[in-house]
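There are structures below to look over.
First chain A sits with chain B, and in the next complex the same chain sits with chain C.
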Partner chain A sequence: MRRSILAISMLAAAAALPGAAAADVLDRIKERGTLVVGVKTDYKPFGFRDPSGAIIGIEPDMAAEVAKKLGVKLELVSVVSANRMEFLKQGKIDLMIATMSDKPERRKVVQVIEPLYYSDAVNVLLSDKVKVTKWEQLKGAKLCGTTGAFYNKDVASQYGTDIISFDGSEKPLIALKQGNCIGYLYDQTFIAGKLLDDEWKQGYHMPLPGIMETPWAIAVAPGEDRFAKMLSDMTKAWMKSGQIIALEKKWGVKPTDYSERMHKEYKGS
Partner chain B sequence: MKVLPVILRPAPAPWRAPVLDRRHGLFLALGLVLAVGAAEAQGAAAAHPSVLATLWRWTPLLMEGFVFNIAISLLAMAIGTVMGVLLGLGQVAPSAALRRVAWFLTQFFRNAPWLVLLFFAMFLLPFEVRVGGVTIPLPGWLKATIGFSLPVMANTAEIVRGAIQSIPFGQWEAAESLAFSRRRTLWMIILPQCVKRMLPPWMNLYSLVTMATVLASVVGVTEMLTLVSEVHAAEGGRAELLAPLYGYALICFFLYCYPIGRLTVHLERRFQVRI
Partner chain C sequence: MEGFYDWFRWLYDATGINLTIIYDAFDRKRMISGFWMTVRLCLICIALSVAIGVVGAWLQGSRLKWTRRGVQTFIALFRDTPPLVQIYFFYFGLGALLPRVENAYGIPEPVLTNVQWAVLSLSLFAGAFNVEIFRSGIEAVPKATVEAAEALGYSRLRAYIHVVLPLAFRICLPALNNNIVNLVKTTTLAYAIAVPEMLYVAKQIWSDATNVPEMMVFLLLAYVFLVGWVVWVMGRIERALKVPGIGL
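Our next item is the complex of A and B:
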């Protein structure tokens, strides 16, 4: 008797399992009526807080578009680099748009949406007095840099610049202000954020095209193919309509080469 | 009046709630003025709103975060105290097996770094639990609260055990001679005397927990310290804002914890066992 109960309950459990697995994240979002998206809250202008505590920026705007398309409410969850993939795997967030660089080891953990929606690059924050249009013109110039940035050496050898390294991102900026160097070699998205600040808006600019692009990826939990397909189509549509460039402009960022290139590529399609 | 040559401490003055007098206010104000002043001097060249205006603008959000810290500390303290009392009683239980288990749990959680316990709570607990057909979400802050309540539990257990054992053994024997059962002795004679001995260290523990709640920022809970760094980012990450912003958080915690500390000292003096 006891054995048969056990067998029946095991059968029931086995029957219940595939049923639970079949409902994918899209069904869960619809059932819940809310799309939960993980975004950054300390990365101006991609994701940051306003004084009311609301999370705003380029990525929250993109998340809002996805929610609109699904016809559900949007809930933004603050994530940091250390927990964003974990949250996705756990199902705490349905979607992650959180300035994540695309890396092979990350693709093993989460499902990356192609085409990649955005790209960071290496660029230089230059004093307005420096009028250049090409990296080659920086030959022999003194640039401030951050110790440990992987591109310092490459830029120095490729373009013949002289790089003075400092710890962190504050010290090189101070050195730039004091005139120890003519520019600050760093991540383009960081420089774009700095240029939003009144302190740097006047007297500084970023005239060069970005080099050594590191594309960013939107991600969903592994196996969510239906949702991934939908997001991939949405990303293509954004690139086609120039939506990403429009968002960059809305939040005061100079459109990146990557965004413009993608727009050109998909415009015709 | 003749003073007796015996060490009789004068009765302590009654405790006054606002123990922050003008001196403390002066120090705090001076600290903030220094931080703000230095920041103003650095930022003067640029066309920024003043540092004070910036702090003021973000105050509602930062206060929301601070209230959240307080809520986490209160809840962790409540959960930890209930579990800790049980564990403490377990340590003086007649059953040797129970005593050993309680001792082990207490020592384990008392000697583990708080941050490690916090990480365990964050990453081992699921983000939601299904009980029957109902899904109960376990948000990050709740998991952090559980993480904090573990060291609270262990420390409270030690406080309870220590207090029980500090009551002279003669009281147990006297109670036994009056035909009190063990349980009644414990609840009606021993524990009531323990309460006042336990109160000061327990309040001390509360202060520590409150200050430790900022650790939750490490595991991604949106409490005050997390908000401070997010505000810093939203303000363009200006270096001169660092000191005023973190100083602001420091003052909030100080203003909350200092009176608790003074009250603890006062209670300790009042409850001091004079022999």
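Our next item is the complex of A and C:
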């Protein structure tokens, strides 16, 4: 009896497989009635949790617009830099809007939506006691970092810093507070956001110029051309209407040069 | 050597198998240092945990009630909590309470580094198991043997060192081997507090190069090699210590 159930379930699984492969992600989202989006939850104000535990921020707002356009419910999944591309590849999320910098090696793994929706630089949140003006002065210094950030390796090999990295952005910040490192190497927008917090206003600063400006990309699983086309059109519409600048203002971020440049470029089109 | 590296670059272009740890100098260097960090962690933690086991088992047989209770509490605390929780507790919890020293920038820095915390926490974790493992060995030593030693004028400590422990050690070796193998695998948890051992380095590399499957396979093979080596050494020790005729 047990064996026959097993055989039947295996047959059913085998029969389901080709069907799943043929339908694209848009069909699956519509069938399911929910759009599953991977966002950050430790990246204020792009994706973070409110006191009730709900995920809010600029990227959740963008995800909500995509869900609205598709006419389905929205489900947000918390991702970190180290697992976001794997989640997308495995189909655990349909769409990733998770502060991901656009890199050639990432384009081999996921499908990036053009035009790129945002852009940011790399900087260090340093203790006030560290008086530096050039990146070269950080040679041999111990910096905390986040595992999965693309620039960890570049900064370590270019400036000779010693980077100790943790999962997410909470733990490196605790490690910085406790004196396990002298600064936190991360995205400039994130650090600027932290410096607005009462907790970090005193005793910390960002004295260095931003480096390695890189655009951020929304991504879908490879081969999902129909979904990608739709998202690309939506991004263009956002740039045209100034939606991204409006979201930045709504969440208290100073609009970046990139956002303003893109708005100007698409406004006329 | 360049030709050898080029072949792996070609392998990446041709098949998509991306072994940056071979052809990329930066990744190669950090993986080699990660391997040695794992080896160092293993050796130090094995030595410390066996020492904790020997001393703990001795104290467990103490005539003083509070010493016995102290050992029991230690075992309960470190055997019954997950090792990852212990590592986080030590590094982020206890680390914040320790005295600090000022570094070159004038920033107060904790006295223990992440590597030292990892060594401490892993040794205590495995040590708690070792106490019980050694106890199992001690209890298997026939009472008559201990009494014979006492009759010959051995004190409790001397009898422990010269009679009980050598026999107990042989009896509990298989269980001890198990625990040591487990300890070697548990060292990967040190990645959580950024100890640059193999798993940590592999994670950094696959975040940069997105070669997750390759690094996973590499890690698996590396640990098979490492644990295989540990098992081989322990097997040698077991054979060398064999006492013919007493069935141990």
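Simple rule for what comes next: the second predicted complex is superposed on the first by the 165 of 269 C-alpha atoms of A that agree within 3 Å, B and C clash if a C-alpha of one lies under 4 Å from a C-alpha of the other, contacts with A are read in each partner's own complex, and residues count from 1 in each chain.
One rule holds for everything that comes next: contacts are C-beta pairs under 8 Å (C-beta built on N, C-alpha and C of every residue); 3 or more make two chains touch, one makes a residue touch a chain.
Model, not experiment: these values are computed from the prediction.
Of the two partner chains, chain B is the only one that A:Gln90 touches; chain C does not reach it. Shared-chain residue A:Ile174: touches chain B and chain C both.
In the superposed model, A:Val124 makes contact with neither chain B nor chain C.
Contacts of A:Gly193 after superposition: chain B is touched, whereas chain C is not reached. Within the superposed three-chain model, A:Ile245 lies out of touch with both chain B and chain C [touch as defined at top]. Of the two partner chains placed around the shared chain by superposition, chain B is the only one that A:Asp42 touches, whereas chain C remains out of contact.
Using the contact criterion defined above for the overlaid structures, shared-chain residue A:Ser81 touches chain C, although it does not reach chain B. Once the two complexes are laid over each other on the shared chain, residue contacts for A:Ala63 go to neither chain B nor chain C. Across the superposed pair, chain B and chain C both touch chain A at residues 82, 86, 174. Across the complex, chain A meets chain B through its residues 41-44, 48-53, 78-80, 82-83, 86-87, 90-92, 169-170, 173-174, 193-194, 196-199. Of all residues in chain C, only 26, 92, 95-96, 100, 103, 105-110, 113-114, 192-194, 196, 203-204, 207-210, 212 touch chain A in the complex they form. Within the complex formed with chain A, the residues of chain B that make contact are 43, 46-48, 57-58, 60-61, 64, 123, 126-127, 219-220, 222, 226-227, 229-234, 236-239. By the touch rule above, chain A contacts chain C in their complex via residues 81-82, 85-86, 105-106, 108-109, 127, 129-130, 144, 147-150, 152-153, 156-157, 164-167, 171, 174-175, 178-180, 182.
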